[in-house]
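What follows is a single structure, and I will ask about it in a moment.
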Amino acid sequence: MIDKFIDTAQAALADVPDGATVMIGGFGNAGMPAELIDALVAHGARGLTVVNNNAGNADTGLAALIAAKCVRKIICSFPRQADSWHFDKAHRAGELELELVPQGTLAERIRAAGAGIGAFYTPTAFGTKLAAGKETRRIGERDYVLEYPIHADYALIKADRADRWGNLTYRMTARNFGPIMAAAAKCTVAQVRETVPLGALDPEVVVTPGIFVKRVVRIAPLGKAA
Amino acid sequence: MKKFDRRQIAARVARDIPEGAYVNLGIGLPTLVADHLPRDREIVLHSENGVLGIGPRPAKGMEDEDLINAGKEPVTLLKGGAFFHHADSFGMIRGRHLDYCVLGAFQVSVAGDLANWHTGAPDAIPAVGGAMDLAVGAKNVLVMMEHLTKDGKSKIVERCSYPLTAARCVNRIYTDLAVIDVKADGLHVVDMVEGLSFEELQRLSGVPLRRMATAA
Amino acid sequence: MIDKFIDTAQAALADVPDGATVMIGGFGNAGMPAELIDALVAHGARGLTVVNNNAGNADTGLAALIAAKCVRKIICSFPRQADSWHFDKAHRAGELELELVPQGTLAERIRAAGAGIGAFYTPTAFGTKLAAGKETRRIGERDYVLEYPIHADYALIKADRADRWGNLTYRMTARNFGPIMAAAAKCTVAQVRETVPLGALDPEVVVTPGIFVKRVVRIAPLGKAA
Amino acid sequence: MKKFDRRQIAARVARDIPEGAYVNLGIGLPTLVADHLPRDREIVLHSENGVLGIGPRPAKGMEDEDLINAGKEPVTLLKGGAFFHHADSFGMIRGRHLDYCVLGAFQVSVAGDLANWHTGAPDAIPAVGGAMDLAVGAKNVLVMMEHLTKDGKSKIVERCSYPLTAARCVNRIYTDLAVIDVKADGLHVVDMVEGLSFEELQRLSGVPLRRMATAA
């Protein structure tokens, strides 16, 4: 029997090695796998490359992972925010490398990894600092920049409902990076609000088919028993 | 001369968005445009984080942290809205499906180059977000900004001194002084605030402007 | 008010010019916009380039469009079938050009057009006849072929339900090429089984958002009044 | 010697598919594998036209033309199945998410090159479908074919004379005579039908074969 449910976030991340590339879903709090990130901090793997839209806010989540000195490099589109102080400090100290990528290029590079595309030409960032040193090409009447996929060892994402095959649905704008990160990582771990019996998810409504998901952890919403 | 305030600029932009348009409003100032869209027009608002059909801000206490816009502010969803993932959302942008995006700017050049993501200061940690995708992808790029910097310099420039977001992408500029179209043959003034003369606007702007035959 | 509903298939295709590139959805009968194709045959535009997975079967649909000599070129992955006689005849007579594309490359080229990608590298077909003359590149340890997007003037697709904003859902494997063709064409026309009031489609379940759809025609299932 | 019939080849392939595998069965002969998958293993079948979790053929009269496989035959959907569009479906294939695909073949070379889409006849109108994507994308490419052509020539060849589907892609070959692994150092015989000697298989195949230390 296929059973991707796993009891705890700790167990789901127990094999993350030092130096792994870890994608972390979420945009703002929507879709942020907070409990999985906490478990990653506790797990203590070092030298991680993290792929996320941002670079951590305030003192929890990704910011805590940075504060714990687990992260060597961040690939993201929007690091600098009013409360990104842990990133700012580590980056200015030269302890944390930044690869800044336009948001759509970030999404497309993640998608390309999941879809087996070797590289692609995007018009975004042509003629800007963020394309400096990159290969370009004129196709038709537009100029493009060559971009490569971002593969990951792990993807940590938050979905809404899951069955034991790992099929996932999401909730509103919490969908964001989840589906594409799930496909781009060797081992995708999803935290979900609810687990349901096989067959309870409408096959028309599954957003991430279980083929992309290795482990599912149910995190009970605050105030509810696990 | 009576300068437009931020709300008036937003209202002026809103006036130009037609029925049925698919529109992305950038973070910050452009978000104000939503409040001024004519209620008799159906206009579909897009946000980079995977949503079409954004409605008004939720009532106090009705916020849902899973329903936000690209500025990470709580929003609502209109009937007819839809959710999708980030790659699909930026496919929409890059694939030229948005009729309009409205962006803030540090500078716009006479050729329509846009600088809005990075001051270029050597110690600044830059953040780009979706700005480059929107600038390159939307069918019409509308810029909202103050006409002059705090020390009185024109933000419409011969050549951007700040790092570019995208080259030759801006279609129309809305400032607290004027509305200006960027065309192949230069900048055309579409509209000015009350009491401002073309000559004065020309002097303040410091780049060649043309008078539009008729105001929009 | 946005209202993309249009009364008849004929009206929805009235402006298709000679020489247009027309994508036609469907895989087998699933998702085939039969009534829209009939209307295109009746409309009579000539010199069309058609993008479809196949090249017509038996005497109806795309085969009828070929028999009516409306098609100049077909871009597809699987032309030859036991009952593709209209295609076979026209192609052998030199009246119908064929661009044969592996199915996944066909899908990705259509997807690239909708997503504003200028070109992409795919491992599919490397070292085969179908990559003859194409640019290739080694990336990492794999070899890739450079492929370009396929844009269309029109996409004719079949969906299940639609609202007046053009939001679409599909039914089972009838989804196939619909969502990607919808995004790749300047004017997407969807025939649907049912139209519903705005707000009746769950926003989590919309597969093709209305931004990709220009016109929607309801085609009542056989035996039901229009 | 007792040659395997098509059903027996299919059953032999099915035996090798492990619990939890994601598998695509090609059009034609490979489709038979579905009937022989062990009932005590959950195996998820994929089809190119946008479906995971294919179940058995529907009962007569229960066919639904919207629920078909890549061979355009009516199928059913198991609990846990899901639908998606063609680009996502081939992203799954190309992105190496399928554990196995099973394909028919005209020829397989000693290096694992596969020819299965085109006879190369000058007047033939070729059709490729998803064959090239599957051959290049699946983690394990299993080939099912008769060992010999109708006129007794080996379909396992030094170099394919038919146009290639993909180079160096085949992992294992299942024929009516044997099961053979394609490895970096050549072809390893894993299994033979009853009454066939290695020497006879070697003679019929016409390309160098190695004995496997232990049969699978």
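All chains are identified by letter, namely A, B, C and D, in their written order; residue positions are counted from 1 within each chain.
Going forward, contacts are C-beta pairs under 8 Å (C-beta built on N, C-alpha and C of every residue); 3 or more make two chains touch, one makes a residue touch a chain.
Note that the structure is a prediction, hence the values are computed from the model and not measured.
The chain pair B-C and the chain pair A-B differ in C-beta contact count, and the higher one is A-B.
One inter-chain figure worth recording: chain B and chain C are separated by 35 Å, centre to centre, where each centre is the mean of the chain's CA atoms.
A separation of 33 Å divides the Cα centre of chain A from that of chain C. Our note on geometry: chain B versus chain D, Cα centroid distance of 55 Å, whole angstroms. Averaged C-alpha coordinates give centres for chain A and chain B that are 29 Å from one another. Across the assembly, chain B contributes 77, 83-84, 87, 90-91, 93-94, 137 as residues in contact with two or more other chains. Multi-chain contact residues of chain A (touching two or more other chains) are listed as 108, 111, 115-117, 122-123, 170-172, 203-204. Checking each pair of chains for touch leaves A-B, A-C, A-D, B-C, C-D. Residues 108, 112, 115-123, 137, 139-140, 142, 144, 148, 169-172, 203-205 of chain A are the ones touching chain C in the complex. Considering their complex, residues 47-51, 64-68, 72, 77, 83-87, 89-91, 93-94, 118, 124-133, 136-137, 163-167 of chain B touch chain A.
Considering their complex, residues 19-20, 22, 42, 44, 46, 52-53, 77, 79-84, 87, 90-98, 137 of chain D touch chain A.
By the touch rule above, chain C contacts chain B in their complex via residues 1-2, 111, 113-117, 163-165, 167, 183, 198-199, 201, 203-204, 206, 209-212. By the touch criterion given at the top, residues 27-31, 77-81, 87-88, 91-92, 98, 100-105, 107-108, 110-111, 122-130, 170-180, 207 of chain C touch chain D in their complex.
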